[in-house]
Amino acid sequence: MSHNSFGHLFRVTTWGESHGPAIGCVVDGCPPRIPLTEADIQPWLDRRRPGQSKFTTQRQEPDRVKILSGVFEGMTTGTPISLLIENTDQRSRDYGDIATRYRPGHADLTYDLKYGVRDYRGGGRSSARETACRVAAGAIARKVLGPDVVIRGALTRIGVHAIDPARWDWSIVNENPLFCPDAATLPQWEDYLGEIRKAGSSIGAVIEIRAEGVPAGLGAPIYGKLDSDLASALMSINAVKGVEIGDGFDAATLSGEDNADAMRMDGGVLSFGSNHAGGVLGGISTGQPVVARFAVKPTSSILTPVASVSREGENVDVMTKGRHDPCVGIRAVPVGEAMMACVLADHLLRHRAQNG
Amino acid sequence: MSHNSFGHLFRVTTWGESHGPAIGCVVDGCPPRIPLTEADIQPWLDRRRPGQSKFTTQRQEPDRVKILSGVFEGMTTGTPISLLIENTDQRSRDYGDIATRYRPGHADLTYDLKYGVRDYRGGGRSSARETACRVAAGAIARKVLGPDVVIRGALTRIGVHAIDPARWDWSIVNENPLFCPDAATLPQWEDYLGEIRKAGSSIGAVIEIRAEGVPAGLGAPIYGKLDSDLASALMSINAVKGVEIGDGFDAATLSGEDNADAMRMDGGVLSFGSNHAGGVLGGISTGQPVVARFAVKPTSSILTPVASVSREGENVDVMTKGRHDPCVGIRAVPVGEAMMACVLADHLLRHRAQNG
Amino acid sequence: MSHNSFGHLFRVTTWGESHGPAIGCVVDGCPPRIPLTEADIQPWLDRRRPGQSKFTTQRQEPDRVKILSGVFEGMTTGTPISLLIENTDQRSRDYGDIATRYRPGHADLTYDLKYGVRDYRGGGRSSARETACRVAAGAIARKVLGPDVVIRGALTRIGVHAIDPARWDWSIVNENPLFCPDAATLPQWEDYLGEIRKAGSSIGAVIEIRAEGVPAGLGAPIYGKLDSDLASALMSINAVKGVEIGDGFDAATLSGEDNADAMRMDGGVLSFGSNHAGGVLGGISTGQPVVARFAVKPTSSILTPVASVSREGENVDVMTKGRHDPCVGIRAVPVGEAMMACVLADHLLRHRAQNG
Amino acid sequence: MSHNSFGHLFRVTTWGESHGPAIGCVVDGCPPRIPLTEADIQPWLDRRRPGQSKFTTQRQEPDRVKILSGVFEGMTTGTPISLLIENTDQRSRDYGDIATRYRPGHADLTYDLKYGVRDYRGGGRSSARETACRVAAGAIARKVLGPDVVIRGALTRIGVHAIDPARWDWSIVNENPLFCPDAATLPQWEDYLGEIRKAGSSIGAVIEIRAEGVPAGLGAPIYGKLDSDLASALMSINAVKGVEIGDGFDAATLSGEDNADAMRMDGGVLSFGSNHAGGVLGGISTGQPVVARFAVKPTSSILTPVASVSREGENVDVMTKGRHDPCVGIRAVPVGEAMMACVLADHLLRHRAQNG
């Protein structure tokens, strides 16, 4: 049991605070003889990196990953892979306010309630910076899964504006800073987010992650279900408040007839008429695309003052100055993909263990 | 690691199939010297039992729990508590169809894809009957949590009909067979479900679970978050397709101002102006009620034939005759409560371990 | 984490007290499609059963195992296998003394110190009766390993009398009640034990377990070493005080030259000149026989009074009347074999997970 | 489950190879608000460091530990503590021989058999250098245990020369390079080891670790026994072939009368007449000193050629040139202490979780 580890056979342990010397992770259980260099990991980190558009925080971090162990002559050895990312943008500043006042909606309060102490610099351990480690681990998980498993994500909603799934176009997702899959919605989002940013406000979002090429049979009854582990993985991302598989909450409104995924043999191959189930039945993958969605709340770091309390028990108002992320959901896309990759890699090994 | 265990320090392992001789569970890690008898567990099982109204399956199971170990002279001893529930309604019938044809939307297909074999009698291991063990374990978890932690659930939606939260009335929830908290919505649901039942159709539902009196500080960053573990626990229940904490997916539509839970000191006690967060910040409980919601899909056991395939790879049509559950979400209420109880009990012990 | 579970992928959870209604275990993670019936398990239990000679306790338990789940039509399904053994010889007696006085060398004292309560009937959870579950699980583990892996054990020492390894003869081990592999030593042991039994005394023993046909590559650095897991498994058996792999403590007396296991290719096959290492190097199996040895202390249930204390803190003398086991090490042979089988089965699955 | 993690609630994950850029570990689950700086860890590392006498390898490593996370303003925060030790003595050399020839008795062969690849530089992951991480983690474990728990170790045997326990003197142990507790034996050992070193040979050793002040009640039945976890911990140290608790293998030669630890109340306090049990009964600590012993084999790196095989399957002879450790058991003393500390800290938290 570990609060800072994830997965069972493909097991990721992360460590580090926002403003300490470095953050990092240890990936244990990776199969041997997989070609791996830092160049396999860095592009995924670059995609998550802040400061690449006006819609994300202007914090500048090169996020250069170093492999410290577990790889020899460009190949995994089966021993733990230690990854390290130095923190370089530890801009000297006064944390006085955050140190003594709890930002509403942040983990400031609860860390103090739990531990009686916290590293308040830049959010400390609760900083979204930790998700860089997830992305790095996810890059390795993709190598374990191999090229046939394709994991992609996109934003499907920012605040009140949802995309039209009928216009979904994967080819534009990585070409715009909002990971928007709907060309018609993109300009709408840009205007909307621009207003929010100028107002010093923030807004929530929904992200969809889709894994194609997942072999049938991954997952396990009863408490090792693939969707159960996905729910845990996605809910563990900062600011996530909801997770869906397949039709998700919409399934609650459907009749059995409308929710049924008809099956047919098609040239000796099993095919489905629809994918309401999101690729998972009874906790086990069907071979259809695995589809998950998660909701990210608006960051509570806003310019409008909010009533709060101080460490000393005084009533105070808190407003957040300085660098600002109007929609933290944007950068959650690569993180969600990485968590999907880690869950699938773990279940691939788990399946192989029991079923040979 | 175990596919059939749940929790870390309050650890539940379940076993058994729908139509084997018995089902059961082992609860390990329970603190010693807690008064416990079968009478503490049975009422919760009775609440989950099918056949109590026309809206649930007519299968009749007394579901009598026996304590086989871990309790001595009415007191837990700190050693594993083994619970056993005999299967009595194993009505002799012909399973021929189910044995060879996959019911769309069921785990029939995926168990076969994964294991190459399955116990097809009544769903085997994937039967909702397994949830009786969760409810039994949940009864013990409630004892661990003590009387100050109150965990209650209700249905908030059946198909297209949602309750009005403003009319929420806990006092009626256990007085109606639909666990409906809204007196005005109840007759509407009864008519609606009656129609669905007559048509041999089925419908989805949403359940809300609320835990009051949860001490602040439960949960842990980063992969031991309270909400992450709740998501896993609730998603592991049969037919669940979505999980939310607090405002859930609605949070994606809100601005930072509207989503903020203002804090104030009120007579030396921390109070909150709202609970958008659902009682969890940064994965750790705030002391506010912990609020979770989950969506249950309509059962795919319907009278309308659905296209499917057989084990031998032939195209077939499948329709479900016999006992029938028009809304499996109803019986999910006690199960959801039990999972909430188990997660909280586990985190209570985990918190105590690290923080004394 | 569970105090009452063992193994990771082949995972055994045991429950039950000596004098409750039953004991049992849940075996999770067993591969599917392995033929398995109660007749595969019962012979191993019969071997462990007490009351079969004058040298073991006269307690009479048929130890009939029932499979309650996880097997369908004679084949494992990949879901948890629940095994149950009813306690039948719960002879009505007065436990008054044991209830209030701590038997020196027993777990009586420590259970009370830890939990503040204990089931004192027949030792409760600390009874050697729990090892029946290990033997049952071990029978399943043997099926997972397949017929090429042969696991056998024997006593190599009773008190001051050790066998001569040069006279080792497997063919006689199961033909005598002392699992003695040395025909010349057997009568010596019988006389020796007869004296000890008559005197109401007890004596320690050493058991050797040998697994042949173990494939190379099982085990893992650093904390998943095969020998480390064997040490844990064997030390967890009641009354065990020492564990050795290969030459064990004798290796401490050797020079590097004398301890070296020379290697040669022999017709394209790797062969070894000796097996000081006991089949494990760097925590990973070499393909040579895996050899482990463990020491069992004499039971403290003796007729001679020993100074002790009562629950109320009074000085008392404790002597054990009634059924008596002069050498508990004898019945540890099948238990040690079972633990070896469980460790190897677990590592077989673990190896397969990472290395395909 | 993780092959490179140890402990459950006080959980240590190590990573790194002998000749990579660094080694390190992550300690998760450490309680918050414990004062901790690098100066608390460094002295223990210095004690383990090679090159401090002619009796250990001349490899020179400063082994300077850096804390990268989990500590804020000199205090643990409850989040993971990442420790890093740079490898500085990566002397450029030709590994050609080791790369292609298996050193008998080393993990060279088995890593290759398991993974099909290995980092052969200086032993790679199987190098004793990994134990520096254990020592660092052990230093933190000592802080968790507090000053009342005193953990000390000493050598009790080198080859054929054992100390006389009657002459045990803790005050000299850290004053001599052989951790010898017996002033009369020390010169004998020095001569003996000098001969072995000159001959390019090596020799085994036995180490005893003793923990005083351990509270009663630590450990748990059945598979979480304190002695079972100690056995696993000590057996996981490089080159260890045997582990004993209390009287260990000698207990096999004793009668119940001679092995009994009589108890008496002494001024309201429980006292014992002896400690054959080594402080553990039924897997749970009694409050007496916890005593463990382990045997270390002679290193197989010797000047005498030994028959072996190459990666290509040719018969070769292997001899080890260069830096040389005549008795690797010496440096195992601080490592054994560290493992004892980690096991006890883990069980302290586990006990607190269940028993408050």
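Per-chain residue numbering starts at 1, and chain names A, B, C and D are given in the order in which the chains are listed.
In this text, a residue touches a chain if its C-beta (ideal position, glycine included) is under 8 Å from a C-beta of that chain, and two chains touch if they have at least 3 such contacts.
Since the structure is predicted, the reported quantities are computational estimates derived from the model, not experimental observations.
Visitor: Spelling it out: a chain qualifies if it touches chain C and also touches chain D; which chains qualify?
Guide: For chain C paired with chain D, the chains in contact with each are A, B, in label order.
Visitor: Taking contacts as defined above, which has more of them, A-C or A-D?
Guide: A-D
Visitor: Quick check: how many Å separate the C-alpha centres of chain A and chain B?
Guide: Averaging C-alpha atoms per chain gives centres 26 Å apart.
Visitor: What is the distance in Å between the mean C-alpha positions of chain A and chain D?
Guide: 39
Visitor: Just how far, in Å, is the C-alpha centre of chain C from the one of chain A?
Guide: Comparing mean C-alpha positions, chain C is 46 Å from chain A.
Visitor: Give me the residues of chain D that touch two or more other chains.
Guide: 1-5, 8-9, 14, 29, 32, 78-79, 111, 114-115, 125, 221, 350, 355
Visitor: Touching residues of chain A toward chain D in the complex: what are they?
Guide: Counting only chain A, the residues touching chain D are 1-5, 8-9, 11, 13-17, 20-24, 26, 28-29, 32-33, 66, 68-70, 72, 75-82, 111, 114-119, 124-125.
Visitor: Contact residues on chain D for chain B in the complex?
Guide: 1, 9, 29-32, 78-79, 221, 349-350, 352-356
Visitor: Note which residues of chain C are touching chain D in the complex, please.
Guide: Interface residues on the chain C side: 1-6, 8-9, 14, 102, 104-107, 109-111, 113-115, 125-126, 130, 157, 159-160, 196, 201-206, 216-217, 219-225, 227-236, 238, 241-249, 251-257, 259-265, 268, 270, 273, 276-278, 280-287, 295-302, 304, 306-309, 313-315, 329, 350-351, 355.
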